[in-house]
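Below, chain A partners chain B and then partners chain C, in two separate complexes.
Here is the complex of A and B:
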């Protein structure tokens, strides 16, 4: 009886989990089917012939690799910029006393919740004025608007978790504040920095709206808008090609999931939700 | 003694200066990319600006009068509320349910957790492409799956008609964002002391009574935070809806974010769009202030 109940519970839960995962499984299956098999009624649930032709076409006949490179440059630059600023800023917000500190922390939280559509119009005008429209630099600056408040907020709570005694001990031993920051706090903060960097990277990698408004040439388009133009410009929509693009676009994420997932869950605990 | 206190004071002042120095770069970047654009948006909302030439003139409160008197803003606000309430309730129900299941002793539990988390981290573009392919009226897996199961006998146009389009958008939103609820609730479930459940068991409470008497009260505070955060994020969602339906059919799924975008970059009325975005922010401000106050109280 007990084993039966256990079996039933496992079966029920796994069916739900697989239903949730189905769209992603379907994406992979579709990307492996030859084009002709796609338009069969009723559809084949498992591919009858497995082909990698769509991946090959994606890499050789479309600007996918350019988009991919742009996304890598964009997400990496944003992440490095924001994490460096954020780590130093969080240190200041948590471990120093000066006027306006609390107000500043509240402001960070406020901007973290701000809708991008409010900022997009002035940012667009600003980029035109600065002569930065249609460059990756404009996207890095635009991504800072959501990535910096996010990183600051996350790093602030990680910083609060670093014991204050460690720093005091280093100061008593004659270290300067910046020396203590480098030698004592940074190593302690490292897991938090990794989490924050991963989150920032994913946010920037997945961002769509700013890329849509600020950039409109293939040479600087990141993956999100690039892949969508492949959908719109195609004469008849090649779903298997698009699914192959989706799989390739999710590759960094799959790597993070396979090897660094604990950092992602840690980031959740520290930043977004406390209660 | 006096000199020691004096030296301590001086050190404190030096530290305060260092603290300000360290936060200065952040403040500069913040002012440049957030504060200035925010003020510029307010400023712009009093002008009529034609997007292609970026030329405009001061029109006073005209944009706001139009916002209040025309139906566009209010219709979009209602659409936004339907979307937010619909998708958020599904996220909460599925999220809490799934978290309770994944908290149990499940076979291959960590694999199941990874699979459930994945939709949250995947790009909206990827999610939308996959779902548009699933929803495809001729070859889509959903229509054929439902037909093979005998639930319906004709393929359905999922994203091109109402109310299907709104249902479709709400479902995809729930699928994409419920993992957030799962992670947050799971983390909280792990901290509920076991003895509370044992005490309830001794008192003769069944599994359902235990959920309502022990689990739910313990989850209350985290649920409030989740609902506030998700309400704010769902309210301002752009990518998912824009890419799934583009606001259509006609304007039936055009939420406020989409309205702002359309006004600015399709109808080329930047000033009016800025006014819409300020209006939208004022509506959100209520939730934002509640969330900020709550967080400040806990810190």
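Here is the complex of A and C:
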């Protein structure tokens, strides 16, 4: 009976894993098949001939690398913006007492409840007023507006976990407020900062709607909209190129995640104060 | 060595008054305990001395310099926190070196100072560990080391022993007394444990509800408590307090008379309602005039604490040497040693009627010989 149950659970888990993983695996396999093999019926599971011609074409004949660079700049700048502003904001929300602090925190979260479609037109008009239309900067600002509220709340809860005594001790030991923040609070906040950074980076990397509306020239288009407009037209979808582009779009996320994941689970805060 | 003066300190949190008219003058090199129940304002006082909190009104000076507007790091103080507040991402050596680093002490001197402190506190084998790899007692010593390393003018200690188990606590208590004797620096020690205060401090400031109740040497606090609060707070078990009245040379409660030595008290004592205070060790279970019934006997080995009930339902504690054991339900005639009777003004926190003689002052047998030398 117990073995059966164990088997059942295992089966269930593996079915879930396959369901989630299948499109990804299919994406990789498709990107490696030559054009002739692509639409064969019945389909081949493993490519009969493995080819990298799509990747080559993508890198040499299309503006893929420009889009890629735009996406990297966009997601990185947004992440830096959000983490810096979020950490300072969370510090203020947790450590200082001022009128309307809680209301402010709630309002910030409330902005997160508004659908982006509602915000996009006003935001576009504002960008035009600021002279930022059709620039990466406009996208950085837009992405910051929707990533910051969540980051603020995430970092706030992490900040609440940092004992105030630690900061007091640093002040007594001769550190300035900024010094205490840098020497003592930031290292404690590292897991929170990494989670926030990861969240923001992924959000910004995958964002489509704002990129579609705010930016419309190849020089500043990020990957999401760039790949779509380049490879999908009304008459034809370049499946093999699209799959190759998708694989290359996913790679940075996988690398970033794999690198930072170990930091997330490590117990940084242990031993700070007697529990 | 530096004296610390708190002058007319008032502290408000919103509408709540945490401290009022606090005046404390601490001599250079003195070990002073701030003692009181939680919420009495003792930790707030310490945080204001450290510069982590600011008085609403009043003046704080350290070594003759008013420090109200001086940042914590520039006051030349060191503080040990109840939670130890060790920096978890730094090793023991880095923790201890941090105050020196922040003051721009060069690397070689820093290392030498850390080594010296580590030797003093027997921390050498632990220098490369992280705080989470240490036991509570070791963490405590590292926290002390971080305070000691800089040789500040004043040490502030916020319930540093409260997280340790009983055995380690009494060990660290002795260590701290020893340490104070050796370095002779001014120390301000916050605690809610009267035993810690009595055994360690040169003088104790007893606080309650944001007000200073009494500031004096442990013997005087114990033998001449300023008011009912101090009388009840100091000593375990605490002093018995009975509401009654003075008539001539007797204290009358429920029609029963207890003789008092009226000559001891000054003119201020008039016939009328008072509160009588008597410590359990000055209550005898026989040979007195007050009828009582034994309700509970707690045997602690070398002594026993007996709870008796007198007419009117009041309960009293008596401390008896172990020997014959009174049995529960037994009736007896209890008596009070007239020389040790304290009389207080009636009311919630009535002050004590001053006595003229010193007849009832007994020397306390606490472990104070060490700290007396300094």
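Heads up, the rule we're going with is that the second predicted complex is superposed on the first by the 245 of 275 C-alpha atoms of A that agree within 3 Å, B and C clash if a C-alpha of one lies under 4 Å from a C-alpha of the other, contacts with A are read in each partner's own complex, and residues count from 1 in each chain.
To be clear about the criterion, a contact is a pair of C-beta atoms (placed from the backbone, for glycine too) under 8 Å apart; a residue touches a chain by one contact, two chains touch by 3 or more.
Not measured: the values here are computed from a predicted model.
Judged by the touch definition given at the top, the superposed model places A:21 against chain B, while chain C stays out of reach.
Of the two partner chains placed by the overlay, only chain C lies in contact with A:166; chain B stays clear of it. In the superposed model, A:93 lies in contact with chain B only, and not with chain C. In the superposed model, A:175 lies in contact with chain C only, and not with chain B. In the superposition on chain A, A:257 contacts chain B only, with no contact to chain C. By the touch criterion stated above, A:219 is placed in contact with neither chain B nor chain C. More residues of chain A are touched by B (comparison of chain B with chain C). Applying the stated contact rule after C-alpha superposition, one finds that A:59 touches neither chain B nor chain C.
For the contact definition in use here, the residues of chain A common to its chain B contact set and its chain C contact set are 268-269, 272-274.
Within the complex formed with chain B, the residues of chain A that make contact are 9-10, 12-14, 16-18, 20-21, 23-24, 26-27, 30, 38-43, 85-86, 88-89, 91-93, 95-98, 101, 104, 106-111, 113-123, 125-126, 128, 141-142, 144-145, 148-149, 152, 177-178, 202, 205-206, 208-209, 213, 223-224, 227-228, 231, 239, 242-243, 245-246, 249-250, 253, 256-257, 261, 264-265, 268-269, 272-275. Within the complex formed with chain A, the residues of chain C that make contact are 47, 50-52, 71-74, 77-79, 81-89, 98-99, 102-103, 130-134, 136, 139, 146, 163. The touching residues of chain B, when paired with chain A in their complex, are 12, 15-16, 18-20, 22-23, 25-27, 29-30, 32-34, 36-38, 40-41, 44, 54, 98, 101-102, 104, 106-107, 112, 114-119, 121-127, 129-131, 133-134, 136, 138-139, 141, 144, 147-148, 175, 180, 183-184, 187-188, 221-226, 229, 232, 235-236, 238-239, 242-243, 256-257, 260-261, 264-265, 270, 273-274, 277-278, 280-281, 284, 288, 291-292, 295-296, 298. Interface of chain A with chain C (complex): residues 163, 165-166, 168-176, 179, 183-184, 187-188, 268-274.
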